[in-house]
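Before anything else, here is the set of structures, which you'll find just below.
Next come two complexes built around subunit A: one with subunit B, the other with subunit C.
Right, the complex of A and B next:
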């Protein structure tokens, strides 16, 4: 499974939107229905799954799926 | 072969209260769910029995405590039991029936390896019918209960009226295993511990702030013979709790919601700001305030539908100067809460343990007097078949408060909000709650009307 697909599958655990319907422009809160708690829990899940360290100040700026994916790629 | 599991951090929180206060009563949770309609009690009984099969958390039992008081949990595969039907329809009105159910809510589950969940079907006055469920909080939290009750009514309407069969619930045992594995992840644990330790490194020992002002801390300082003491005593004997509810009208509620929407704030953080500003006001402008905030750790579909006790409280500590404007203060709290969310897998007992180690915090003292739960979920059962049928759902306090003041804020059917203050009668009176609610509202509405106004000015003007 590609990293992008794995990422979207994790997102899908928190959202009603199916992975195949997700686009990079989708916003976590407005389009995917994430609450603040969902978003922060999701970031923790990303850290554990992809073995990365997220900077708390950086992640607060993330709005869209594409931005999160980009950050994930940059950290690997 | 039966599998035994340790308690999760959220379950441990309740378990520790049971041990500390010496009664399971502090861990009781009770609710009545009823509709103003005839019910087929034979079918309802079948649906309750099916729900016990579907919701694994209802079948959790605990082993006998070991020498340190620790227990393990296991899930019995089947838990066949009869469900009693009680006829209270002869009582004068619903309020009288509620009074009786309130007494049931005080009852305890005493013993090891016994069911910690009890359903009773009810015929109620005024044409209402339904059931009362009494459980141990180590099995389920309020969000879990709302989901479970909704599932049960869906089962009923499926069999009775052919509506859609409820969606499968996530397996409690599977989610429990995942949670325990997450808690056992050393890397994650180290990150979470660092977050909480860094806060103490940066800010030092917290400082108690009481709803009744600085005299409470002063009294604790005298009692302990330590003029520098920063924590105050917790009531350990008289746990009797009284409840005072206040209803905020729909229009005013909408103003708060709109402010949150327009400024990308969550209601929890606005409420935390209201409480902390009140505490600051009555404690001579104290800037360093900590409030315990309950987080319902349900984000994924599995977490939402697996039942269980996932609600856990963490200290939300902020140091806000009186010059800070209202909106910036709200963002400061939000920033802190977001960071706490990221580290909410941690066991909060370890935070207290660290503080005891660093500051020799005396036993049975605390840095917080206020506890907040914000429940965005309606208690009302959502079911297409029930449509406009009137419902009567009510949560009953377990009657034994481990906390001095515990505020639950929830949304009401009319679009308003309910502020439910549970307070220990050993130290607080209804008048204290009146003051707290009055000033919280003054602070919040002054702040949302003039978000650029400083916290200091707001405290002066209200």
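Right, the complex of A and C next:
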């Protein structure tokens, strides 16, 4: 499975939007229906799945799915 | 009994039991009851020696062992603790430090960038102690927590035990008029709430504390109640790592707000159904969790049934900062899912036009320096909760509506829509705005200022783009619970009453353009 697909499958746990319908412009809270805590939990899962460490202050500025994907790529 | 007596009894009974565990560079650190109370006593004696008797002391920071030791040091002496929400913008914290007349401050290292602003804008602050063992390159009046403890350790005099009616703590809560109010809780208020919640646990029972520590629910029920039982309190270092920390600390009991339960539910529901429930429970909850106490907002009883499949009992309760905070709760012995439990033995309940009114030893003394608001909320000792409800024939309390205009989010945060509307209205493109609360967040309903729209010849798409950009900028500086996650641009102005006030209850109606 590609990294992007794995990423979208994690997103899909918290959202009613199916992975194949997700676009980079979608906003976590508004379009994907994440609560603030869903978002935190999702970031924790990203850390565990992709073995990365996120800076809490930085990641809280993320709004869209594309921004999170970009961050993931930058950290690897 | 006062909080100090409760804690001293705990040291006698559970001295060597681990009281607090936390992660330091991914390793578990721990302190016993004896060590925690010794550090708290050093802070208490240090504050007395430094001349802070009778003063208000603020604390700003997320959960840490230094934070809780300092808090205990303040409230077991003749001083008043003012825990503030560490996620608030700097200017809001300045306002709260000043409004609560704080003479000193305990500050987490993470908030070091705010230090100069506080010193410059809070004239009452005489000293600041950083919640870290050593400090370097700090301005005048700023010291490390160790320096205060050393003063305390070398002091011969200990603070006297406070009186039952002394204010132990001031906790800020959202006000309906947009200005947050400082709830004054006495020594008796706190101690009687700890004693009246009839939950017992074996010494060494592991609790993972995941709620914001400046909230009454966390402070009184995780920490003070937990300590009264000899529990081992583990600190969740970040909400990012709640699930990971459950695996590390393997809690038996947790306190959560409904939003946390909803998030964990999503993870459980999305898991491969072929995985046995016991294995999944171990992966997600750490393997030992058997009870979750929840409160702060309504929880759909569906989750109670769902979590039971994983061997976890969810017990819902009800409270508010003004009641220290628990008013009623379900217990393993007396549990009716969907209700908020039976009132505590120290609480009387009655109803006035459907609103729940409570009276008892846990009800606050009043709002700090807000006599008008206090009078509106407290009548002859009866506290108007702002919630509508009823009691069934078995004595269980149920909630079925709100009287006051506060938005209760599922993370338990109470949000005053006016407070946010006032801030949003400062943007020239915002003509009229009403903030409404959906389950998981806030929506701003905005009628654009037509003069600006016309002057700049903006089309609908441009208006929406500009407003969204403005909200994104606003959100960046706000705690998550005050962020706006929905935007609706109205075609028409809001419907107004005969007195020209916007009719909030009709805010969702937007008539089509004529």
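The definition used in the following text is that the second predicted complex is superposed on the first by the 76 of 76 C-alpha atoms of A that agree within 3 Å, B and C clash if a C-alpha of one lies under 4 Å from a C-alpha of the other, contacts with A are read in each partner's own complex, and residues count from 1 in each chain.
Throughout what follows, a residue touches a chain if its C-beta (ideal position, glycine included) is under 8 Å from a C-beta of that chain, and two chains touch if they have at least 3 such contacts.
Quick caveat, the model's predicted, so the values are computed rather than measured.
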item: Which partner reaches more residues of subunit A (counting touched residues only), subunit B or subunit C; value: C
item: First, second, both or neither for A:1, with subunit B first and subunit C second; value: neither
item: Overlapping contact positions on subunit A, where the subunit C interface meets the subunit B interface; value: 13-14, 35-38, 40-41, 43-44, 47-48, 56, 60
item: Touching residues on subunit C, where the partner in the complex is subunit A; value: 238-244, 259-260, 262-264, 266-267, 270, 410-411, 440-441, 472, 476, 480-481, 483, 485-487
item: List of subunit B residues in touch with subunit A within their complex; value: 182, 185, 187-188, 191, 266, 295-297, 299-302, 334-335, 337-339, 341-342, 344-345
item: Touching residues on subunit A, where the partner in the complex is subunit B; value: 13-14, 35-44, 47-48, 56, 60
item: Contact footprint of subunit C on subunit A as seen in their complex; value: 12-14, 29-30, 33-38, 40-41, 43-45, 47-48, 54, 56, 59-61, 63
